[in-house]
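Two complexes follow with chain A in common, the first pairing it with chain B and the second with chain C.
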Partner chain A sequence: MEITCSQVSGGVLSPGLDERQNSIITTGISKNRIHCADDSVAGAVSQRACVFCGARVVLNPITDAAHLIHGPVGCASYTWDIRGSLSSGSEMYRNSFSTDLKERDVIFGGEKKLALCIDEIVEKYHPPAIFVYATCVVGIIGDDIIAVCKERSQKHRIDIIPVESSGFISGNKIVGYQAAGNALMRLITPKEGEVISKTKKINFLGEYNLGGEKWLIERYLKELGIEINVACTGDSTVHALKQIPGGFLNLVQCTGSMHYIARLLEETYGTPYIDVNFFGAYNTSESLRRIAQFYGDPSMIERAENLIERETARIKPAIEYYRSKLAGKRAAIYVGGAFKALAIIRQLKELDMEIVFCGTQTGKPEDYDEIHGMLKPGSVIADDTNPAEIERFLIEKKVDIMAGGVKERVLAHKLGVGFVDHNHDRKQCLAGFDGAITFAHEVYTTACSPVWNHIRKTPSWEASNGT
Partner chain B sequence: MEPDMHTLKEVNENQCQICMPLGAVIALKGIEGSMAVVHGSQGCSTYMRLSMVEHFNEPVDIASSSLNEKQTIYGGEENLRKGLDNVIRIYHPEVIGVVTTCMTETMGEDISRIIDTYLTDRKFSDVDIIPISTPSYSGTHTEGFWTALRDIIRFYAKPAAPYEKINIILPQVSPADTREMKRILESMGVPYILLPDTSLTLDRPFGKTYEKIPPGGTKREDISRMSGARATIQFGYNCPDALSPGAYLEEEFGVPLYNLPLPIGLQNMDLFIETLNSITHKPVPDAIMLERGWLCDAMADSHKYMAEVKPVIYGEPERVYSIGSLCIENGSFPVVIATGTGSPTFSKNITSLYPEGDFPVKLCEQTDFAVIENESFRMGANLAIGHSGGKILTERHDIPVVRVGYPIHDRVGGQRILTIGYSGTLSLLERITNAYLEQKYRTYRKQITSEYYEQRGIIHAET
Partner chain C sequence: MLECVPEGPVEHTIGKINPAKTCQPLGAMYAALGIHGCLPHSHGSQGCCAYHRMHLTRHFRDQVLASSSSFTEGASVFGGAANLKTSIKNIFEIYNPEIIAIHTTCLSETIGDDLPTIIKQSEIPEGKRVIHTNTPSYYGSHITGFSNMVKSMVSYLAEANEPVKKNQVNILPGFVNPGDMREIRRIVNDLGVSMIMLPDTTNVLDAPQTNRYVLYPEGGTTVDEIIDTGNSKLTLALGSFASEAAGAMLLEKCNVPCISLHTPIGLKATDDFIMALKENFGVDVPKSLTIERGQVVDTLIDIHFHYQGKKVAIFGDPDIVIPLTEFVLAMGMIPKYVLTGTPGSRFEKEINEMLEQYQIEGSIVKAEGDLFELHQWIKQEPVDLLLGTTYGKYIARAEDIPLVRVGFPILDRAVHPLMPITGYRGCLRLIEMISNTLLERRDRDATDEDYELVL
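Let's turn to the complex of A and B:
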């Protein structure tokens, strides 16, 4: 069954904007390194968001904290319960609080209203911490959220943490991740006289427990004999996060969001970090080996090898089945961070698929070099792409399936291209060995769905009319 | 009745409304060949796209002037001009709406002046650029929607020759509802100009070609003739005069305005048909009378069940009002009626729906889901009717939600939910009844067994 994108564009495929030409390269042809991490081009319909968005997605999974967005209502409304992060305890994080600033507050300042909102949340819920996010307007009118948080924190004797996330600071979520990192550092810094003693446990940074992924990896680590101190921030609590300084090692998964904080933790508490990646069987195995090697305990290394052997054998028949169905199909990837892009590339290659287009919102030059090295000549790599470019490459490159987020999904479907969700509101576990099967299954169910043949078929009466 | 309008609290917990520019963008999508440029941070347009994409299941392109820190301090003119250049180059729009945000309004950006200078410099004659001011601290997406329509009409309206068509102005409804409205007008043989027409632009069929700007939408030539129409029928019964596009056409150009409730429910739909009939003297075709007959039949079939339904209804004022009317005419008295928006006439209008007597209901305006949740529980609501925000009522209180309105982000087909006209009402009525029955049949055996057999029933009876 041959399924490729049969769509044609209504107009001439857009040649694109001049300002964007250096941000798109073809492997094996382009001489220059890709241009990335710039501000988005105005009017280009970037898929990127803002600083607030970056900070909000990193901190949101802290389950027992209240998240208060200081600004007019929109920013809170758009981010109410938007992540698929699961909790084993409190559901507090699934609420979205807003100071709901009105015209009057914008003119006279919103600090008083912010303080009252904090009081109300404390009175109603007694959360152990409140994160207060600054939005664009707050940055412009100059509300001193740091002072308000400090004063209210002393009054209520809980952590009230300002997050300096005014959207206009940058369109790049990376800057938002840093704002979240700074807020986390503020939260976990031990109070005077407080001592957090070192343990042999690990901190798992950049793991958001989407679809229970943290819990699955925790099982593997337990088998190795390692306990997770806390994940940052999936299924975490305020109390657990404060134990971060006691970690023996920091695992960094989502490198885009967490390298910044891993470096801060190394500087401040001397905790070393290593990069891990639990997406796909290969990455999972390599990560488990790296962790065991770090501990250096021969029995742990042996346990890791046993686990890898057992799990690899277990999933092998399923992966082989999907490979037989998917080999040779052409894939496109557009995701937020490079760590995810690299993981998806590897998994699709394990299924003998060809990656013909790959891009990210926030990749760095060295990330793109790595992506470049993994793709065949003639593939397209794009930084901070947009719908017009995605449309063009899905058609030109005859793509069968795309992996990405919600905004890419509807465009792919409109062009008759299959789609795999790999975004932060996903509802299934894509990590570890179980996740490798789930991912392959997701690719299979879209790439080999009968709907594409049915919906593309010209009805008989039209075919015979020659129209 | 407890028409308590304001909840005395500062914090908004779980929002029932979205921001003003979003409403403006949705309205703009109903104009043929249009693009929206959001003047503000990149994040604003991306959040709006995400919200619309999840609801409509359609690609929705919204441009941004992508202001960063420097432009925020020194002014965003250069970025807005660049944004306009790029949108014109890639999308070739006929109409561009420049929509402001809380940020650019606070910065004091004079977008009308920026646009005028831009057009003078560029000498474009084939693209109309409309400034739309939507500071999100001044209202919700509902106000943004009306503001945009009024600004668009104002942009095109000039004294026009009298014209036999009727203006039809819709509030924010689904593309399916828009299609149904057109079908009704066409079956009545009524010539009309409908604004905004999202029937294709936000719900395009799968086809062989893909256009960056979807086909369909109200033509700008048609909008410019609205000032000469015979009459305006606007479904903005709760829309304040200051925002009302129909009121503007009446005040400035003397086009008589019939401001009606959204035609959901038998009485509201009858009122619409009656109004059309009185303006045009066109007979009501048999096909429509058949649909009315089926609705009446369904009302008889559902009434015993509907009498058991105690709904909480929430969302945008127009939809909430008309669904409230639908429930009450079917013998189901809503116990909570709520909107995240405020309207000077909303509470009076809702109150007038209830017959004389003691019907407990809590009315909430400018409210949030913390209040809706609390009141629903307190008032014993057993069914919710509204957008996806109500999912917490199901999760926390096992109250099923009949999904209508915006946004629907946890089910497919938000763009194709039909609620208006006799047929749409019938389908909504049966969805409501069946959602209630599903819950009832799932739980009644256990409930009755527990109450009459286990707790004070036969197993404890003295012999």
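Let's turn to the complex of A and C:
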């Protein structure tokens, strides 16, 4: 038995997807606002993950911390070094630590084992901090990880931070980002008597140094005369993160993961924040201007303008080349967060491409409003979509390339649609002016690859075989 | 890279550092993909399902569809029955599979959801099927999960509904790549024995590009075939860890005798496999297979000096590591460290017997180990070659030892799922990979005067 794509698009979405109808809208046609904070439909092949997954991706790039996953081995195995966050120092974070809970631990409780695992890690590695992640089972059996962490923290005199990330709390990674945010706040709160003095440096929240992106933006900011206090959490260390309260300004890049913590930091330390976005030349320029204006220093504003002018001119020939190849091609986007979706929309538009489908796993209503405003009428917007829907829209909308994560790649390829990886485990630097070229190059590579010629042609013998 | 592994020997007694295994549900999902028209279903939190799909997709570079009960806090408190019933209803309505193969997770196991009862109370359309297996993540490994799912396929579906046994064999290939399943099938076909392979991920996870997308690819063991396994004359369980349980169930339920063999990796295991079929089905071994075997022996003789005496560390899943160790020994190499993440004393026993037979002393063999330990051992006494999964690449870089990628998962190289390491062709491929890797290393390290054209 097989279902071909035409059948899928025709019948598969009804009636079972009644519940999904509010999660898909067509720009210029649907009157309703999209539903997006809903839980995924049980039984759906959702592309979403869980709370643990969200917390893990946010904290993982802290390079010199040990990340101990408290639960059966799987959660540690699947998240072992899967982010492309680069480190300029320690490689500690690229190890995978699991308490490897067994049947008897589930019955009698895993607290003792957790404590012993912490002891072993401290003895072997002497990390400045250990993050202890709760998984589903730990939440169900009721291990008091907060108490264990506190007790062991006092014993070893290092930070041992519980992350309350039991997967079942929600199927929405945003909740996991909040769990990570709470853990970070725990880490950076100054100890009694400790004073972190204010500086003129900035904190760069939601920057994970994928492919060295933080380092690139750091160079731009340096040219403006601004130093990064610490990025949160790309290429960060425990010590550097503890200096967060001394920041002058918080830049928020990945809004999904970091608005929550930016607000907490504003409340607690009075540090203001602004949203930035360094994906694409336009976004990069706007962000640099916004930062310079915040400092209000005329010479800094001038330096920013000089940088923008110089870099824009430098990348212009390359971008124009790619635009000539890509103009008019049709793109689909399905990514985790709205921040990324918006960034990709803008970049593809800079290449004169048309975005005909856009979806996210965790977008908020205001995000979808913004996406809505950027797309042409007739485009489709979907929240928490599934492969059947993606497939349907890739075909219906005659998509040439798709931007997404691991699971979407194979689907796109099977349909003969090009693919660009914009997942959190990508290896390329896609930020800043240089990143704009890299991104355009990636889109070009897949959109204009000779491999698609093979799939649009049937083998020569098919006709003579009479099939 | 990972230089933070302590220099001296350190005791590691609790938890896992850099694990060499993953959890049961992943294996169950892989097995379920080997049923035709099947949608695997993960009864637990959404993250589990997403992780398993991602991990399998990264290894096979092909679409892996599976659904989830999408547990929330409520389901975790009140039980997952409502979620599962809704899931079953939705899945048949939306994705319309022939069969749903449900596996549990640590969450639903701990809550204690009673799956047989929930399934009985669910709406299942006429002619459709729902099977389940229990895969508590806190017990065993992904291999255990694979084994449990295959066993459940048999216990739910297999029937001895013919008066006499058919002259056909059940092949339980275990947790191997579709490329291996294809090769095993080719050998059985060449021998002229009719077969049912269970599960069979060929044409599912190595499916060709057909210019269209199908939810359920052509491949996979059909439900009718699974039912018919109960009428077969014999079962060959390849790899005791992944296949023996289903083989035993076929004997118990349908009176089909089962022979447990190694996964046919290497000369001896392939010989044993072919002999088992020859003896039980009275077939002649065709000349083509004899030629293939002769080519392997010829190659081994021609280039034995390239690898003989080299020390090797082997790690991965037990059913692959055991015959691989056997083959490496036959090649004249020294398995210095042999490790699997899957628990089971049988692993250590089998490997130690092989080492004894070859009079090799001073090797370390460990089941339920992790890569921290392997790295520690290598730091104390290095080896010339690593044979194992992608996760060996950290040790390879830190200790400057070449790595030949074999087993699951391989996340940083492509094409491997389509290429067999089983059968005689698999032997040639293993010899080629091992000797080429060692020679590349030799060339890299050679001084100009030692850099030779002919090796």
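Convention: the second predicted complex is superposed on the first by the 446 of 467 C-alpha atoms of A that agree within 3 Å, B and C clash if a C-alpha of one lies under 4 Å from a C-alpha of the other, contacts with A are read in each partner's own complex, and residues count from 1 in each chain.
Simple rule for what comes next: a contact is a pair of C-beta atoms (placed from the backbone, for glycine too) under 8 Å apart; a residue touches a chain by one contact, two chains touch by 3 or more.
Just so you know, these numbers come straight off a predicted model, no measurement behind them.
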### Query
In the superposed model on chain A, is it clash or fit for chain B and chain C?
clash
### Query
Just chain B (first), just chain C (second), both, or neither: which does A:Ala42 touch?
both
### Task
Scan A:Gly225 for contacts with chain B and chain C and give back first, second, both or neither.
neither
### Task
Quick one: classify A:Glu391 as touching chain B (first), chain C (second), both or neither.
both
### Message
After the superposition on A, what does A:Ser90 contact: first (chain B), second (chain C), both or neither?
### Response
second
### Query
Is A:Phe168 contacted by the first partner chain B, the second partner chain C, both or neither?
both
### Query
Thinking of the overlay built on chain A, is A:Gly109 touched by chain B (first), by chain C (second), by both, or by neither?
neither
### Doubly contacted residues of chain A, that is, touched by chain B and again by chain C
8, 16-17, 39-53, 68, 71-80, 95-103, 105-106, 113, 116-117, 120, 135-137, 139-141, 167-171, 387-388, 391, 406-407, 409-411, 414-416, 455
### chain B residues touching chain A - in the complex, by the definition given at the top
9-15, 17-22, 37, 40-47, 49-51, 53-54, 57-69, 71-72, 79-80, 82-87, 89-90, 92, 101-103, 106-107, 135-138, 140, 204, 206, 208-212, 340, 389
### Query
Quick one: in the complex, what on chain C touches chain A?
1-4, 6, 10, 12-19, 21-26, 36-37, 39, 41, 44-55, 57-58, 61-73, 75-76, 83-84, 86-91, 93-96, 98, 105-107, 110-111, 136-139, 141, 209, 211-218, 341, 372, 391, 394
### Task
Provide the residue numbers of chain A that touch chain B in the complex, in ascending order.
7-11, 14, 16-17, 19, 39-53, 68, 71-80, 95-103, 105-106, 113, 116-117, 120-121, 135-137, 139-141, 167-171, 387-388, 391, 406-407, 409-411, 413-416, 455
## Note on the structure
In the complex, the residues of chain A that touch chain C are 1-5, 8, 12-13, 15-17, 39-53, 68, 71-80, 90-92, 94-103, 105-106, 113, 116-117, 120, 123-125, 135-137, 139-141, 167-171, 387-388, 391, 406-407, 409-411, 414-416, 454-456, 458
